[in-house]
Each structure stands twice: as C-alpha cells, then as structure tokens.
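Chain IDs A, B, C, D and E follow the sequence of writing; residue 1 opens each chain.
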Amino acid sequence: MSIFLLVTIVCVLGVVGYVLARSRVSGLETDSSVSYHSRPGYHGMHMAIATVLPALLVLAVWAISSQVVIGNVVKSSISQEVLGDSAAREGLTMGIVSSISRGLTLLNAEELKQAANGIDAARPLLAAKGVAIATDASDPMVTAAFRYNGLEQTSTFWRSIVVILAALVCGGWAWTQLGARVKARNRVEGVVLGLLILASSIAILTTIGIVLSMIRETGRFFASVPPLEFFFGTVWDPRFAAAGATESAGQFGLLPLLAGTLYIALVAMLVAVPIGLFAAVYMAEYAGPKLRSVAKPLLEVLAGIPTIVYGFFAVVTVGPFLRDLSAQISGIFTGDASSFIQAQSVLTAGAVMGIMLIPFVSSLSDDIITAVPRAMRDGSLGLGATRSETIKRVILPAALPGIVGALLLTASRAIGETMIVVLAAGVAARLTINPFEPMTTVTVKIVSQLTGDLEFNSPQTLVAFALGITLFVLTLGLNIYALYVVRKYREQYE
Amino acid sequence: MNMMSDAATEKAVNAPADEPVIKMRGKDVCVFYGPKQALFDVNLNIRENAVTALIGPSGCGKSTFLRSLNRMNDTIDTCRVTGDITLDGEDIYDPAIDVVELRARVGMVFQKPNPFPKSIYENVVYGPRIHGLVRNKADMDEVVEKSLVRAGLFNEVKDRLHEPGTGLSGGQQQRLCIARAIAVSPEVILMDEPCSALDPIATATVEELIHELRENYTIVIVTHSMQQAARVSQRTAMFHLGVLVEEGDTDKIFTNPDDPRTQDYITGRFG
Amino acid sequence: MNMMSDAATEKAVNAPADEPVIKMRGKDVCVFYGPKQALFDVNLNIRENAVTALIGPSGCGKSTFLRSLNRMNDTIDTCRVTGDITLDGEDIYDPAIDVVELRARVGMVFQKPNPFPKSIYENVVYGPRIHGLVRNKADMDEVVEKSLVRAGLFNEVKDRLHEPGTGLSGGQQQRLCIARAIAVSPEVILMDEPCSALDPIATATVEELIHELRENYTIVIVTHSMQQAARVSQRTAMFHLGVLVEEGDTDKIFTNPDDPRTQDYITGRFG
Amino acid sequence: MTDATISATPIDAASPRRRDIGLKKRYAAERRFRFYGQAAIFLGILFLAILLWTVVSKGVGAFQQTMITVPVEFAQSVIDPKDKRAEDPNVLLMANYPLLARNALVQALGVDPDDKKAVKAVGGLVSDSSRVELRNYVMENPDVIGKTIPVTMTANGLVDSTLKGHIDLKVPEERRQVSDQEVAWINQLVDDGIMQKQFNTGIFVNGASSRAETAGMGVAIIGSFYMMAIVLVLALPIGVAASIYLEEFAPKNRWTDVIEVNINNLAAVPSIVFGLLGLAVFINFMGLPRSASLVGGLVLTLMTLPTIIIATRAALKAVPPSIRSAALGIGASKMQMVFHHVLPLAAPGILTGTIIGLAQALGETAPLLLIGMVAFVVDYPATPMDPATALPVQIFMWANEAERAFVERTSGAIIILLLFLAAMNIAAIILRRKFERRW
Amino acid sequence: RDQIQVAGSSTVLPYAKIVAETFGETFPNFKTPVVESGGSSAGLKEFCKGVGEGTIDIANASRKIKDSEVEACKAAGVTDIHEVVIGYDGIVFASDINGPDFTLEPADVYKGLAAKVVVDGALVDNPYKKWSEVNENFPDWDIAAYIPGEKHGTREVFEEKVLAAGCEATGDMEARVAGGMDEKAAEKDCMAVRKDGAAVDIDGDYTETLARIDANKTGMGVFGLAFYENNTDKLKVATISGVTPSTETIASGEYPVSRPLQFYVKMAHIGVIPGLKEYVEFFLSDQMVGPDSPLAEYGLVSAPEEEREAQRSSFEAGEAL
C-alpha cells in the first residue's frame, strides 16, 4: 500500500470517528440530563485526532527507520570489494543500488526476470524507463537492488497493518473515553496548541537550516584560508586559479567588503533617515487624514518595488545624473568640467538604496510616534510649546529608543541588500573613504563568487559561504541589539 | 450667575480685594465635536486668586469647558468653539491672540500624571526653556528649585533631580506636573481631575498644594468627587448634559443649591 | 464576614430563607502581582441572590478581588493567588476545576462596555453557542429575546438585532454586555464599575436592571460611587490598601460603620 | 446665571503683563520644521514618480510589436513535395516553412528571385519564429496547402527596432545592423500596409526566446503564479499560527525571546542566503527537482514567513484587550477567544501583511538564482514540479541580453511586474477596507 | 523527466539558448531543453552532484573543467564525462563609437592597467593616469577600463593573453625576475590589475559594461566578440597588434585574445533522457556551429572544419575524459 493510500485510509478513519463520536454525544446530550464538559464537535475532533495522529506518527517513524534498517541490511549483504573501502565509495554504491531498485519497480514481471540477469541486461531496460544508472554499476548491485526491493515490499506490507492497527486501537480507546466528564475540548485544544508551537518553531528550524547549509563549506574554506587572514585581511583579491594550477593563491580579506557594506549602508541611512523620519513626523503630527491616506500608501509603494528595478534605476538614471551634476559643479568651481563622482559609486548605491528604505523608516517611525501617549503631547502643548517644539523636545526623545530599534532593523536590510549594490556600486572591493568611488559589499561578493566561472571546490567559491555566515552573524547581532533597545523603550510606558 | 449671588457670597471668598476680580469670562460658550454639541451657551466667570471647581456627572462637558479655556481644544480636529472667552478682558479666540502665549499664561495639569520621560530637572525646566525665560544654568537651577518648592516636592526629590521623572510615585508625579506648570509662571492653572489616579494619601498632599497655590494663581479644577470640590474650592459650577446648571459659592452650592438637579447630584441621587 | 455580623444583619437582607445562603466564600485570600502584594488575607463571603458592593479608594484592590472570583486573574502572567475561594463549597482554584466552566457559572461585566464587533444577536448568542446551550435557530431566538428582555434592552433594539452591537449608545452597550453575560445563565455576575463610563441616565437604567437581576442572580459590583453602592446593594465591603476594612449590611455601613476608615471614606474625608 | 448682567462691579483683572517669549523666532522654527516634513514627503513621492517615469517611458514601446501581413502561398512543392503527409505526420512538422515566408515577401517587395543575396536579406525581415507560426497554421488548417492566404507573421527584432526608431540611422551603414536596402524595404512595406505595429500579446503569453521579437513572459507569469500560490498556502497558515502562539499563548521567557530575535533576523537575512538553504535542503536533501516553482515557492515561503509573522503579530496586538476579556468573561476558552474573536478582528492587518510579504516574494531574484530558476524555459510548466522561471528573473535575464531590442522589453517586463504588484496592493487596500471594523 | 536540463556559464548561455530554441522548434517531439545560467562553477557543481533524474545532463563552461572537479565528479559517480568544444569566444577592446581609433598592443594595455610597472628600472605602483602617458598616440583620456570581474572566465584570458604578454613585451617580466622574484611569482605579479579605480571590475554581463561606457564616453571596455557585433553602432573596436578582431581573424588564430567555449555531457544520461543525444548532435552540426550558422551570426567563432568533424566523431565514439 503506498504511503498516500495509507494516509488517505487513516484520514477516512478519522472522519468516520469524528462523525460517530459527535453524533453519539449529541444523542446522549439530548436524552439525559448529564451536563457534558465539551460540545459534541469537540468529542468528534478528539476522536478524530486520536485516530489520525498516533497512526501518522507511527507511519513517520516507520518510514524513516525502515529506510535505515533496510539500507543497512542490504549494505551488509554486499561484498566489501563491490562496496568499496572509503565511506564516500560506500555512499556512491548505495546510491547506485537505490536508483537501480527504484528503476526496477517500474518494470513489469517479464522485464524483471530479464533484468535479474545482471547490469548489462538491466541497464537498457531501465534506460527505456528513463532511469539513468551510473557507469560503474555492477552485477552484485543489481542483486542487492532486488534484495532491497524484496525487503521494501515486506516492510510496506507490515507498515500498512501496523499503521491501520494503530489508528483503530487509538480510535477505539477514544471511543471508550466518550463521556460527560471527559475534557475533550481541553485535549483538542492541547493538540492545536502543539501545532501552533510547531509552526512557531519553523523560524528556528529555518535558522538552523541556514547555518547547517553553510557550515560545512565554511569549514572547508577555513581549512585552506586561516580565519585570521579572512577576518582581518585588508585586501580582497581572490585571484582566478589558473587552469591546471594546483595552488590557488589569493587574498581573502573581509575588511574591504565589510567597510563597503557599512559605508553604503551608512550613506543609504543618511538618505533614508532624514527623509523617512520627517515624512513620518509630518504624517503623524501635522497631516490631515486625507493627505495621510494618500501619502502613506504612495510612500509604501517604494518598499514594494523589486530591488532589481532600483538597480536598473541606478544605472540608467541616478548614476549618470550624479556624474553629470558633478561635472557641472566642478566646471563652475574649477573650470575643468571633469566629473568627480563616478557613475558607479558608494554615493549612487547609497542614494538609491536610501530611496528604497524611506518607507521602512517612515512606516516604522510613524507607528512608534503615534504610539507615544497623547498625554505627552497634551502636557507639552499645555505648557505653551509649539508643535515643532513638542515634537523635537518631547515626542522624538520619548520615541527615540523605538526609532533606534526601527533604524537598526532598517540598517540590517541595507546590509543585506544585493541587487542595487551590484548594479550601482560595482564589484570592486576597495578600501576608500571617498564616497564618489565604487566599493562593494559582502552580499555582492557572495553572489559573484557563487555564480562565477571559478572552480567550484576552490576557496574562491567556498568563501561565499564564509561570507554568508559572517553576514548572518552580523545581522543577528544587530537584531539582538535592536530587540534589547526596543524592550527598554517599552518598559518606559508600562 | 447674577450679581446678587456674587455680592452675597463676597465675604465668603477670602479674597483680599473688596470686589472680586474676574480673571476669565466665558460668554455664551458653545462647543461642538463635529456635528455633536457638547456645551450649550455656558456663561461662567472665573475669579482671580480663587479655586473654581467644576462638578457634574460623567460626560457633562466639564473637561470640554476646561480645555476651551486655554484652547487645548484646538488640538482636536473636529472641535469648534463659539461664543466669547476672555482672559483679562482679551478675547482668547481672537485670531490676533497667539495660542502659544495663551497657554503659557493659562497652564494645565491633566488627569493622569504625564511627566515627560526625562529627568525631574528637565521636566521642570522644559517650559521656561522653550519660552526663553531662563538664560543660564543659574537661572534654571533657581526656577527648578522655586517651582519644586512651591509644588511641595523639593525635599523629596532634591537628591535625585537628574533621575527620570517617570520613576516617581503617582502623587509625586502629579506634583511634578504641577511644578512643571508653575515653572512658566502662568496666571491661571487648569486641572482636570488631578487626583483621580492617585491614592488617598497622595490626594491629600495634592489638595493641600492646591490650597496653597490659590494665593498666587487662579485655579480651575474639574473633579468628580464632591467631597474634593467641597474641600478645595471657593466657587463651584455644576454642569449637566452640557449645560451650566448652577454656579456660586461652594458653601452655598453644597448646602443650599438653587437647582433641583444640583440637589439631586450632590445627594447622590444620580451620577 | 464573621459569623456574628452575618447573623446580626440577617433580617436586613430581604432574602426569603431564614439563613442567608453563602454562594461564594473567600478565605485568607492574598493576591500578588509579581513581588507586589495587592490583597492581604481577605475573608469575604458573597450571599446568594444579593448584591454585594465593593467600595474603597482607587487602587485598594477591589478589581483584584473581583477578578479573582472567576479567575480572570489567570490571564495576567505575574498574578498569583493564595488562600481559598469556593463556589458552592467547591474550591475554584483546584486544578481539577475547569476555568472555562467556572467562568460560565461566574460571569463578568466590565467597566468599559465591550460588545464584540458583531451583530447584537451574535453578541448575545455567542456564549450559549459555545457552551452548547442552544441547539437550533428557535433556541437561539428564544435565548436572545429572553436575555435582552431581562437586560431591559429588548424593546429598544428588537428591530435591529442584526445590526452591529458597537453602534449602540454607551448605556445600551453596557446593557447588551449584561444581556450577553446572563445569556449563559450564570449563577454569579461580577461587575467592575459597570456605570463609570455611562452618563447619568444610562446609569439609572443599569442600576434599575441590577436591582431586578438580584432576584435570580448573585451579584458582586465594584463601584467608586458611594451613592451607587447605597442605591443598589444589600451588602457592602470596604477595602483599603489591599485590606478588607469592614463588611456588612449596606444600611449599616453607610449609617454606622464600625471602622473609622470607613467613616472617613464615606464622609469624603479621603478618596 | 442666565440673567447675568455684566455690570461694572466684577471687574476684569489688570491688563496682562507681557512677557517676551520669543514668538517670532519660534514660529519661524515651526514653519521651517513643517516645511522639512512636507519636503520629505514631497521628495519621497518625487522619487517614486521619477522611478516610475523612467521605467514607463522606456518600456511602453514593448507593448507594440511590428507584424507583417502578407499573402503566403502554401505551395505543396515546398511543404510536401513527395505528397506523403497522409502517412508521415512528420512531413508537416519538418517542412521548410521559412522558405514560404521568404517567398511571400520576395513577391510582395518585387525583388528579383534570382538575386540570392537580396532574397536572403528579405528572408531576414521576418522573425525565425515564422517557422513555428506557419507550421502551427498549417497543422490547424491542413487544407490550405496549395492556396494563397494572407498570414500575419512576426517581424524580426531588428526591423521592429528600426521601425520604432531605436536604431540610429545616422551611423554609417557598415556599422549599423540594418542596411540602407533593408530600411528602404521596411519603408516600402509600411507604405504598402503590409507591415504595421500591433499590440504585443506575445510578451504576455510567449515563453522565453533568444529572439527579442518572440520573447515573452508567459512562463514567468505562470511560474510566479505557482510560487505565489504556494507561498500563500504555506506561509499564511504557518505564519498566522506562529503569531498566534507567540502573541497569545507563549509565556514571555528566554525561549520566546530566542524565537523573536530569530524571526526578526530572518526578515533581515540577505535573500541569497535563503537560496543556499533551498539548494541544500529542498534540492540536495529532499531531492526535489531543480528549476521547479515548487522549490522556488518553498524558499520564498521561508523568506516571507518572518514578514507575515511580524505583520500578524502587530495586527493581533492591535485588537483591544477588552475583546479578549469579554470573551473570557463569558466562559470562552483561550483557543475559542482567539479563533472566534481576535483572529477575525485582526484579519485586515493580517491580510495586508500577507500581501506585502507576497509582493516582496514576487519581486525576489537572488535566491532563485541558486535553485536553478534563472533559466531559459520555453515550455509552459504544467505543474509546479516542472521547470519555470519568475517575473523578476525574466527581467534579470533580459537585462543581460546583448540584443538591442531586449532593452525596451526589459522595461516592458518591469512594467508588467509593477502592474502585478499594483494589482496586489490595490487588492490589499480593497480587502482592508472591506474587512475593517471599528470598535 | 522528459526535458534536457543544462546549466552553467552565462557566456555560453546565449548560444545554448539559440540551439535549445531551434532544437525545440525543429524537433517538435522533444521538449525544449531548459538552460540555466549561474556560472560555470555552479553548473559544474550541479553536474558533479551525481547521476540520475535529479541531476543535470549538461554543464556549459567557458573554461576547461579542472582536475579537482573531475575528481569530485568521480567521487559522486559521474565518471563518463564528454567534453564538447563548440567554438571560440573572441575578447575585444572597444570604446565609444565617437572616440578615436585605438591600435593597442598588449604592452600598452599592460602599462595602462597592471598594478605595478617598471619605471626607470624600479618596480613601482602604476603611475599612469592618462592613456596619452602610456603611448603618445593615444588620446588624452583618463585611464578608465571596464574589465571582467574576477569571477569571469574572460578575466583569466585577459590576464594571460594580454597582461602577461604585455609584461613580456615590455621587458618588465625580466626586470621582475632580475629583481629577485621567481618565475611564477613574477608572472603572477604581472597579471595583477591595478586597484586604484582606473580599472573597474564588472561582475555583471557585458550589457553592464556597455552601460558604463555609455555613461563614461572616455571609458574602454572589454567585451566578447558576440556582444560587440550586436552593438557595432555604439562601440568602436580596437585592434590588437594590428589585427582587427572578427570571426575570421580569430578562427585563423591571427587575433591573439580568444578562448574556447565548451560544454560537458553526462554520458550516463545518453539514451535515458529523451533527446539528449539528438540535442548534442544538433548542437555539433554545421547547421548550428558552422561558419554560416545562427551561432556564428550571434558572434561565436566557429572552430575550423576538421576540429568540428573531430568533435562529432569523438561524441559518436562516446569518448570520455
């Protein structure tokens, strides 16, 4: 019985259980004066959960453990020379066996008989079914695959029986539990709560997944490049490993990338914070509902535009504009109309990213400013302060911690942004303090090292993972700090 | 109120002058929130250097009237005021009048203590600073000390002037708010249920303070506690459903009101 | 609270039985909010089919005690209750007790009217529905009508049962909340300042309603208005700073209290 | 008091003692401050306008495509010289259709059929896709063989660019990609009414193509649609469930702090990192197919989840506590309170948050790069398991094309993406209006 | 799976796209192959994941597969890898159409762009700011070159065939060796590109380089020949050692800067994935990669006739690396 069919059967049993339990309880409720703790629906649900949940758990455990058990049994049946001596070889052999066995399930009885003759007979048959078998497959692997399928079949048979039995037994137990004082509702709600907890732990799982998916490659990177050189190196120059060259020299200094990241983020914040903050203040404190209802969504559109469009905007409009502007300016002051702002520069990327971040700042701050209690405003106005004085001296200071938290969140966005920087600031990893020159960021290098033509198992590519983890830790730090700040802010009013 | 009742109660008010001086006058004051009228033709005079209590059941418009005295109503978009309100004979709703200046002259203390989330010192010095009444550190220290002393808070907080004002107890916070209000030397202080969020002991302190402040300031206080009104005020005005029912000397209102609604209210028949 | 005073005031309560029946008993109830103790060893019995008023100055613990009677305190993380509270002799803090069931038996009405943003009909029928007290449309119609009639609201809203409950006036909303509470046929109804947000007229209606409900329900009401306590209750308990100062027949408490603090409070010396 | 007669006796207080409280300066500051606020909003909106204008002005042209309508002779001698189409269906499939198109144009332009070079050049005026266009036409109407029927074919991308004026004709001929002769032909065809610009439906329905004139967003639109559906189906319930737990049930302790920091952090993690995760978990570990919208959807789900959770929590927080106590007070369990009252009231906020999250997912490129969705896919994906691309990916790829005609299309594609985003935002606003309730 | 899956180099991508599309149109019975872009590295990494439905069939690469990668492939069971060279990619220098003509020598480029040059016998940081300082025939332009970023295979070719050659030609190489460097280090040092902003790395595609030159009319860009041919109305190409780049001069080997483009086929998938064999054969046919084919039109430099023939027969024979 396939897993799908099995799950369907269990679910059907669950539905049946639900209907039975529910109608039984509502029947009992009418004709007796017993007061039931829970509504019939809950009793039905209780029954259904009792039927389905344990059965599915059994199924999951079985499915996972049977894989391991059967794999081991088959593995032990293969001779050492076929299996290979290293762990990697073993894995490869087992991989071939399992793809043969998967292929065998597609064959009919006649073909199976033929395939049993060995790999040379099996290969074309499997190829006809679209199953590719690695070139170094051998006869014993076919035998192993047959054994594998046999075990698999037995396991499937028993699995069906055990799972259905589990459903029936647990369902039956729930049936005996039907009664006035059974807290079916509490139990059902307990299960729902469990599901809610499960959902909220997905965030944690994602984080673990992210770390796990990068940690191995990072380790390999650090095996060839000392961490000290990576974290404190001031030159980023992961040279192209020449074809055939064994040694892959290059310098992997993180600092120029980090500096570029922070610099561009800083410029972006310098653009976004004043504009966003003033916009938020104006909307929260001055604007009428009409202006607010127009301006707020319009500004938020800026946040919804894909970053690739911003990158495009930077290359096509902002970069040339800044360059020409600078040429004009230097023309006026020095008479030499050469531009001092390069089309691709920290300034361009920062400015465009700043535009993108305006709505983040304005929306978050707007919320925080409106959250400042009215009493603060009244208190200040009542003393004869003007509105702007009230805002500058009372509201903003009061909202400051919250705003700082919001800005930190915005900053972590700026740090993580990729597409705009690729297009607007370039990929040159340099250490400079001149904002009119190009710099680059960590994210850009992650993308370019991963999508380049470099050798895939060289440090040049692996460094992307080290960069990824570094960035992850960086934003994590920012967020922990932001949470801490926001907490402190909340305490003030509570 | 009419002349006669004023004259009759003159002696009861221990004002130094023979003639009671009118600090603020409300004439035919109507207040609207959007289409809804909250006050109907209120005519009420506020005497100088006296405490005037506004009483009445919930929603009768006490706060509304109070807030119209220093145009705090302006901050509510939908709110509209008609009629005349004068301060020292000047119409405060005259476009030529500056509301900032007005509010510096007519200060306000709110129901819930609302110190700014700053230090005690900064709280007090805030008003004088924005109005440019203090020029240097010495000025500021002086104004802070004077105001806190007046508000009866100085001894309790003098060692922690630079700690946050939000860290004080409720009653202390409210006295801090009063100190903050008197720091700008207003002529009138409006108080909207200043004690309703305080415990009995704190309430007593604040009431005592009000009693002392009366000598230098004109005070208007809203309260829902008739006992409090009786304790602290010289004049009482009773509102009901947006109408000024009766106004007069506190003693008279509480012992021998003219209006049956006032009678009912003070005897607890409603409210 | 002690047997003697119970016996002494027996006749004053116009209960049909000779012996007053105790619906709920609080014994040595202490409540803590985190490290802070809000109630100190409160011993208070609630009589069946009577209105018990809890009075006292702000912050004295009235609401805290009220909320501990149906374990609404459970929703505050930091809150901890010690001592025994029983309903019909059953300890309501026993782990075996289901708090949902308890709250169905001990309903609650809040200070601010809080109808669900649903239709009037849905508001009333919600409780009966989750408790399985209604089976079909006819049942529901019946329960809605009965509850609204009891709450004195039916005539005013019968034509717009399917309009939102939030569209009613404040007093109507509060009566709707009462209707909603009685729709699940609770045994006890707790009311926390049910009229403090209402105007005088609405207050009068609600008070009248409380008066009528007393025949079928045990009612505990918190109020800051002594007049209201005097008007609606048979028994009064006076709290002060977390301590139950005095408890007894309303008449007695208001005319001849044993404790000087009660005396001071009802004469407006503080609060 | 109604009979108040204002007599002289109660005199007004003495005239006010004027104080200098620096009003003039303070009002100037006030005006300045206000101006900054207005300027900020104005700037923000101005940026938006410039950005949109840049995109739109460059891209509207992409919605027009030059077409050639000429009478085509479906000569049997070309299509099926051996008359075998009855037996062998491949005959019709493999016939030399470009020749038909070329012949038709040669005739329409009156070019000498023996001038090999000119004939070849004429053939270049129609797109290579004429093969497919004519083949499909013949497959649908096999009886046209032997007849001459006017057919509309797509013109070559260069012709299209020339007609739209994107090619600078002042550049010397040898440096141009269209010769003077070709320009002359184009003008002749236009004058004859054979060549005309039409609304470009292809850009909406075609799959990817290496030829600008037939390149379309069809696959990308379907791929994006699948991914959005997956994100919606997974991220919404999981996000709402997680928010409910965190906001309503979770005790405030270290563990919930950890979850909270985690969620905020995930919202800020560079999206490319999610691509790495998707590659490692969904493709390598779980063995799902590459380039599939399913994997894309899963990755984007993980990416949008934090956004949805943050928005949902804010929406739940905004539900007044009085509603909660009301429900609990009449004996609803906490679960009932949440699902019967809190959740419905938070629905507008949740919806808005979800749509913002979806919009964010819709515009995301970087993570798709690593799971094989930045790809050349011609065939429509039938299921989410089939290879597909996404709207921003298509933009990214077109932006990198060498051919000039793609420049305009890139902007056109951006317009399409923005239209989708606008539609989603409008949907959000409408839904919010509809569900919004006052309390 | 009934669809061929290809991944890899973005340089090969346009060619692979044309072939895939034409393949799909000419063989309506097969689905059009899916061609991913993502770089040679990522393509080969996927390629070397293993054998079976879940892995790709072909990896495009703009460089040869490395030995270590072959090892990694083997370890994962990918043993039969067939290499197909589809043609050559010319690498050209071009500047804005309205600028002057450039006749470059590798030495000029080296002097303009190397990180360190020998001036008066001493190895110093590149002092040249303007092209005219490098060679008086050149215009008085600030040196601004847009060259492929380090992730590009083109960069490698650029360094080896231009910088290193220029280094030799100027005699700087000897000077370095004389200065105490060993041969290898000297070569490496020769190929280092200046990082003071005069040479700008472009990690994106040539469109980006073009946009740069559009924005900076005195910039010089490095392009693929194909890209240049599509943009002859905007760009002016420079000669290298007097040879104008074109498919002919590259095919004949006259023009020095070019590199082979190739793809790798997983032989275990032949006969399993429908159309895979046909696709490779179609790709190798003269119809696709011949001198008069659409790929050549796009800018691919066809391999000489006999080399194409050799490719075909080698695939026929199923030769593996």
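Just so it is clear, a contact is a pair of C-beta atoms (placed from the backbone, for glycine too) under 8 Å apart; a residue touches a chain by one contact, two chains touch by 3 or more.
From a predicted model like this one, the values you see are computed outputs, not experimental measurements.
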| item | value |
| --- | --- |
| Count of contact steps on the shortest path from subunit A to subunit E | 1 |
| Per Cα centroids, the chain farthest from subunit A | B |
| Chain nearest the global centroid, as defined over all protein CA atoms shown | A |
| Pair sharing more residue contacts (C-beta pairs) when D-E is set against B-D | D-E |
| Computed distance of Cα centres, subunit D from subunit A, in Å | 22 |
| Separation of mean Cα positions, subunit B and subunit A [Å, integer] | 58 |
| Chain centre separation (subunit A, subunit C; CA means) in Å | 51 |
| Between subunit D and subunit C, distance of the C-alpha-averaged centres to the nearest whole Å | 58 |
| Overlap residues in subunit C, where contacts from two or more other chains coincide | 100-101, 130-131 |
| Subunit D residues counted as touching two or more neighbouring chains | 21, 26, 333, 369-370, 399 |
| Residues within subunit A bordering two or more other chains | 185-186, 316, 384, 386, 389, 450-451 |
| Pairs of chains found to touch, sorted by chain label | A-B, A-C, A-D, A-E, B-C, B-D, C-D, D-E |
| Complex interface listing, subunit E residues touching subunit A | 1-2, 9-11, 38-42, 44-45, 48, 50-53, 61-64, 66-69, 72, 75-80, 142, 149-153, 155-156, 159-160, 188, 192, 195, 197, 200-204, 208, 211-212, 215-216, 266-269, 271-274 |
| Complex interface listing, subunit B residues touching subunit D | 1-3, 6-7, 19-23, 25, 43-45, 47-48, 86-90, 98, 100-101, 104-105, 130-133, 187, 244, 246-247 |
| Interfacial residue positions of subunit C with respect to subunit B in the complex | 57-59, 196-200, 203-204, 225-228, 230-231, 241, 267-271 |
| Interfacial residue positions of subunit C with respect to subunit D in the complex | 70, 72, 75, 77, 100-105, 107-110, 112, 114-117, 126-127, 130-131, 166, 177, 180-181, 183-184 |
| Touch list for subunit D against partner subunit B, complex | 1-5, 7, 9-16, 19-23, 26 |
